[in-house]
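You will see chain A twice below: alongside chain B first, and alongside chain C after that.
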Partner chain A sequence: MSTETSPRGSAPGAGVAATDVAVVDHTAAADRRAERMRLLAQPVLVLLLTGGVLAWAFSRDLNATQQASISVANLATLTWQHVLITVAVVVIVVALAVPLGTLLTRPGWTRLAPVFVGIANIGAAAPAIGLLVLFYLATRTTGFWIGVLPIAFYSLLPVLRNTILGYQQVDPTLIDAGRGQGMSARTVLRRVEFPMAVPYILAGLRTSLVLAVGTATLCFLVSAGGLGVLIDTGYKLRDNVTLVVGAVLAVSLALLVDWLGALAEVYLGPKGLR
Partner chain B sequence: MTDTASRKGTAAHHDHTHGVEIVLDDVVKRYPGQVDAAVDHVSMTIPAGETVVFVGPSGCGKTTTMRMINRLIEPSSGRITIGGKDALSIDPDQLRRGIGYSIQQAGLFPHLTVAKNVATVPGLIGWDRKHIAERTDEMLDLVGLDPDTYRDRYPRQLSGGQQQRVGVARALAADPPVLLMDEPFGAVDPITRGLLQDELMRLQSELGKTIVFVTHDFNEAVKLGDRIAVLGSQSHIMQYDTPEAILANPANDMVAGFVGADASLKQLTLSRVRDVRLIECPTAHEDGSVDEMRRALLARRRQWGLILDARNRPVRWVSPAHLATVDSLRDVGDPVGEILSVQSTLQDALEALLAESSASTVVTGRRGEYVGLITIDTLVENLRQLRDEHADDHDDLSDPGPSALDEPGGAQRAPEELAP
Partner chain C sequence: MAGRRKLLLRKVAAFAMVAATAVTLASCGLESGGALPLKVGPGSITPVPELEGVPITVGSKDFTEQIILGYIIEFALSAAGADIRDLTNIQGSNSTRDAQVHGQIDLTYEYTGTGWINYLGHEHPIPDPTAQFEAVRDEDLTRNGLVWTDPAPMNNTYALATSRATAEATGVRTLSEYADLVKRDPAAATTCVETEFNVRQDGYPGMAAAYDFDPAKAQKQILQTGIIYQATADGTQCKFGEVFTTDGRIIALDLVLLDDDRSFFPKYNPALIMREGFAQAHPQVAEVMAPVSAELTDEEITELNRRVDVEGKEPADVAREWLVDKGFVTAAD
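So, the complex of A and B:
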């Protein structure tokens, strides 16, 4: 899986020669069209999938256990747990990876970057289920945070890598222009470097979101809830209806989260770079 | 020949901060782990309100030298004063807010609008919103961009030349006395570059800032500089003088190589037609007497005269042959081709003479009235005079000591001589 996600389209580099601009614009325009189509189609697909699977499940004769797991209340609770896990993971990832990535690109700290990227790489390379189980074995407890923390570690890398990449791709002449006009290093960071890195950070965030929402289905292992509970129940009881509902809802939620990530990329990035 | 002040005009506009003097005193930049200093004991005085161009081969340290003035690079030793104040004693960020800075490819912030880019330094020094907005519009106006059209655009929506203009507007926004420009026009096409250079000269004649301009293009240096510092390796000053003096008498082989084989042609761009002695030819109005004109022509070695219209504008050339068979000066003779204005450079004059393949070209004044004729001899004489003037500018080439550089060539230049 590629973790160095590049931001949507092509960031207009200041150094692009005039002759290249037309070509870049052309492909960028095509990319933008495809992206717009996806932005429209994806929520429709989510609605169809969710509506379809629920209509299918509720129109069947459900036995008592099925009625317990596929009740509106239970589905809502599990989905809400799933969302909470994802949100908690993403908040931790952003709160950790963005400041860390910023620090690791400051003069004097760059030498430490490979160490932290290496650690994050281990988190990303290890199977999520392994991390969950190891963390459970290490703490001998279960619950929300025992699910959230290993997943946060697992999805840290994309944001960290992209934050570093985002700062590295800032044209040094812009930093020079900022300093040369009397901005302090901190002001240049806040007003020039960070805004320029935001599209990259958002692209990394979207990848992390998708990782988090996907691996959150494993949280049932440590009793942290989530839609994985349905899949687990369906599997253990050989109850295909519950299994299908759990799986399809997990897929829909992942698509929805990815769509939100895409929206964030489009609307939260600096306007001049779009 | 021409005085620098009259050529480029250094009159300060009363609304603007006039430039201040910059003095580099024995400045050295040494990077750790390198045997040779990047900038080795450089001393020079950059006079207030003048444009000084650092020119030299790449890697000679000219940019390093310039960047030490606003301390983007800290000197290893030496002193730099700007307007009498020690630059090294001021907080670098504060120092830089008082020095305009314009770089190659403009260095505009792509995520900010044109207006926000221009407002960078005023924002940093805490002007109020209204003042900043007014100033931004004024600056865009100054560099020839309509504020209503361009204010809210993003840099990527501008052409290279427009970006560069915004870059200059941004550098000037807080009205600094000093402007540092690091190859600002290096990345635009030659035509746009020419326009931007003209624009900068126009701005400078209004503003009278002290400008330090770095380039590797000697033609650009000749065009823009009141003075040129030709720098060799380790930023050693090979020659620091007016463009006229450098072209007329390069201090050494390296400078001569940099000036190039066409020094005389470049020299011609520095003088204007109004600065040289024009010659006269017989003239007559269209309703004048044919006989008188014929006599005037035959009385002189020059066999051609000019017919002028009612407003003294040259219309046609006539020779005695034309006049032999006519009884009116109307509709007689050959139409006048190329016409030069007194504002034209001597290079334009040469071009006109070659294009016409004639011995002389008509010069007209502001309203198109006849002023005189310029000939190839006029140009040759002009160059000879310049060389004579600068012949002994630097008898001692081996030691470009600080004292010689403090008064770069100014003392021995003769006043302008126009009339015979």
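So, the complex of A and C:
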């Protein structure tokens, strides 16, 4: 068996392959340009949204009830709580889903993959509000972790699914090549398979991040705070100013987090695949 | 060209059909109302000739107590001979109010505090229940042409509650004693509230002002309503919790209500309200309902709420059962 050393594909039918590659490169370049534009535009949009809604709210004549919600200190506290919930969720999701996904693609373990994907599916399919309340009923405690853990379970699926997918799409011939060069299975995993799976894992993580920011608006139900407090206060009191401030800040946070995810995809992916 | 126009026409037709269906479905909302689910015969309420066959639509908001109250009106007036349409369970206070103002419902139980604060737009309630009722009655009649009849003694307002164990351990039975505890030992007075109660002026901030303590010093947790009742009963996460005074879970979870000894919380006594024209045309309605309203105390309604929320019975069954027990009507098949 002859091994090709050319970096791009195989030699047979090289003429046809070359034109295909050119077309692919062309659209890929256009995609990259659009992506770069988005990377620039998104933080600007976040700033405009946040600045706009705050300027709008603070320039209004707020009554005593609204002032209790819309104060700099309160907004900062709630936003910070929201960020902490999101960070904790993401850390848990990555720490759980990436090793689990790696394990479930190793020989001998693949049969268990449907079981765990099934469990993660249940987490994603169940309503987040139900998970939160069930988790409270099971533990009879309230607070930060009671808000974080159900949301982590809820956002586990995209990362787990994409980790498994990321490993599955690695060309088996590359693994063979690695083994043929005398690498151990572990070294192949570390130096070949994992780097090639990273873009998929990051794409999954980005989905999870946005899910986590969105569902963290429900964490207030179990005393974990977050921007959901403003949304619920505004809704219950028919106070649209508080409602809009809470909702727009949550949207801005989701856009910001999505942007960070996109940056991670650009800068943390393997160099050769960027 | 012709083909394209035909396609366009077909699209327009399809869109029109979808739109028409949507309009038809949407208009079902408040059109008719249902018939009474159970039948009653006369008890101490006997048929009134003037009400015989008079069509009356009764409405209520969408929570347990309101639905029970709605059915109580319906069964009582049905025993008096009226032809009742049932429109209980309207989504939210504001929709119920709009339905009444626009004549889709004739009769409903409304709370004095809700009328004063939500509908008439006052920020500060009147502490005395009678003065509060008279103020709402007079203003709503002049401004909106709505007639309020004498209110029931029950008062579904806010309160702080605690578990029996916490009440005994701390000795706190009134809001003044609660305020002392917050000043002395905030950690022993962890209080669970809803988002809304946490900021509204007739909620926690106003209560703190009325009882002279610093709301920032109190240790508060913001929780979902249902969780507050359970967590307060457990007594570990929440030593005190915000509740509604007539909620059935107060009995079921053996919660102790703290006495509002400075009479801070608004009064939410329910009274029958109707449009002026209806009240003048059918003065008998108020006469028939007056003894029924008078029987509706906190204890009675809390027990009825408990039967629905805790035992899972149907509001209509519970309402009829109560009217039969009180002798107002008899059950009929």
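Note that the second predicted complex is superposed on the first by the 255 of 274 C-alpha atoms of A that agree within 3 Å, B and C clash if a C-alpha of one lies under 4 Å from a C-alpha of the other, contacts with A are read in each partner's own complex, and residues count from 1 in each chain.
Everything below uses one rule, namely that a contact is a pair of C-beta atoms (placed from the backbone, for glycine too) under 8 Å apart; a residue touches a chain by one contact, two chains touch by 3 or more.
This is a predicted model, so every value here is computed, not measured.
Student: Based on the superposition on chain A, does the combination of chain B and chain C result in a clash or a fit?
Tutor: fit
Student: Return first, second, both or neither, reflecting whether A:192 touches chain B, chain C, both chains, or no partner chain.
Tutor: A:192: touches chain B, not chain C.
Student: State whether A:136 touches chain B only (first), chain C only (second), both chains, or neither.
Tutor: Only chain C is touched by A:136; chain B is not.
Student: With the two structures laid over each other on chain A, which partner does A:225 touch: chain B (first), chain C (second), both, or neither?
Tutor: second
Student: Between chain B and chain C, whom does A:238 touch in the aligned arrangement: first, second, both, or neither?
Tutor: After superposition on chain A, A:238 lies in contact with chain C alone.
Student: Touching A:270, do we find chain B (first), chain C (second), both, or neither?
Tutor: The first partner, chain B, only.
Student: Under the stated touch criterion, which partner chain does A:180 make contact with: chain B (first), chain C (second), both, or neither?
Tutor: first
Student: After lining up the shared chain so the two structures overlap, which partner does A:65 touch, if you call chain B first and chain C second: first, second, both or neither?
Tutor: Touch status of A:65: second partner only.
Student: Quick one: smallest Cα-Cα gap between chain B and chain C in the superposed arrangement, Å?
Tutor: It comes out at 48 Å between the closest C-alpha atoms.
Student: Given the complex with chain B, which residues does chain A contribute to the contact?
Tutor: So the residues of chain A in touch with chain B come to 12, 14-15, 18, 173-174, 176-184, 187, 191-192, 195-196, 270-273.
Student: What does chain B use to touch chain A in their complex?
Tutor: Listed in rising order, the residues of chain B that touch chain A are 70, 72, 93-98, 101, 103-105, 107-113, 120-121, 124-125, 154-156, 160, 170-171, 180.
Student: What part of chain C is in contact with chain A in the complex they form?
Tutor: Touch residues, chain C against chain A: 94, 123, 192, 194-196, 198-201, 205, 221-224, 226-227, 230-231, 234, 236-238.
Student: Report the residues of chain A in contact with chain C in the complex, numbered from low to high.
Tutor: 63-66, 68-69, 133, 136-137, 140-143, 220-223, 225, 229, 232-233, 236-238
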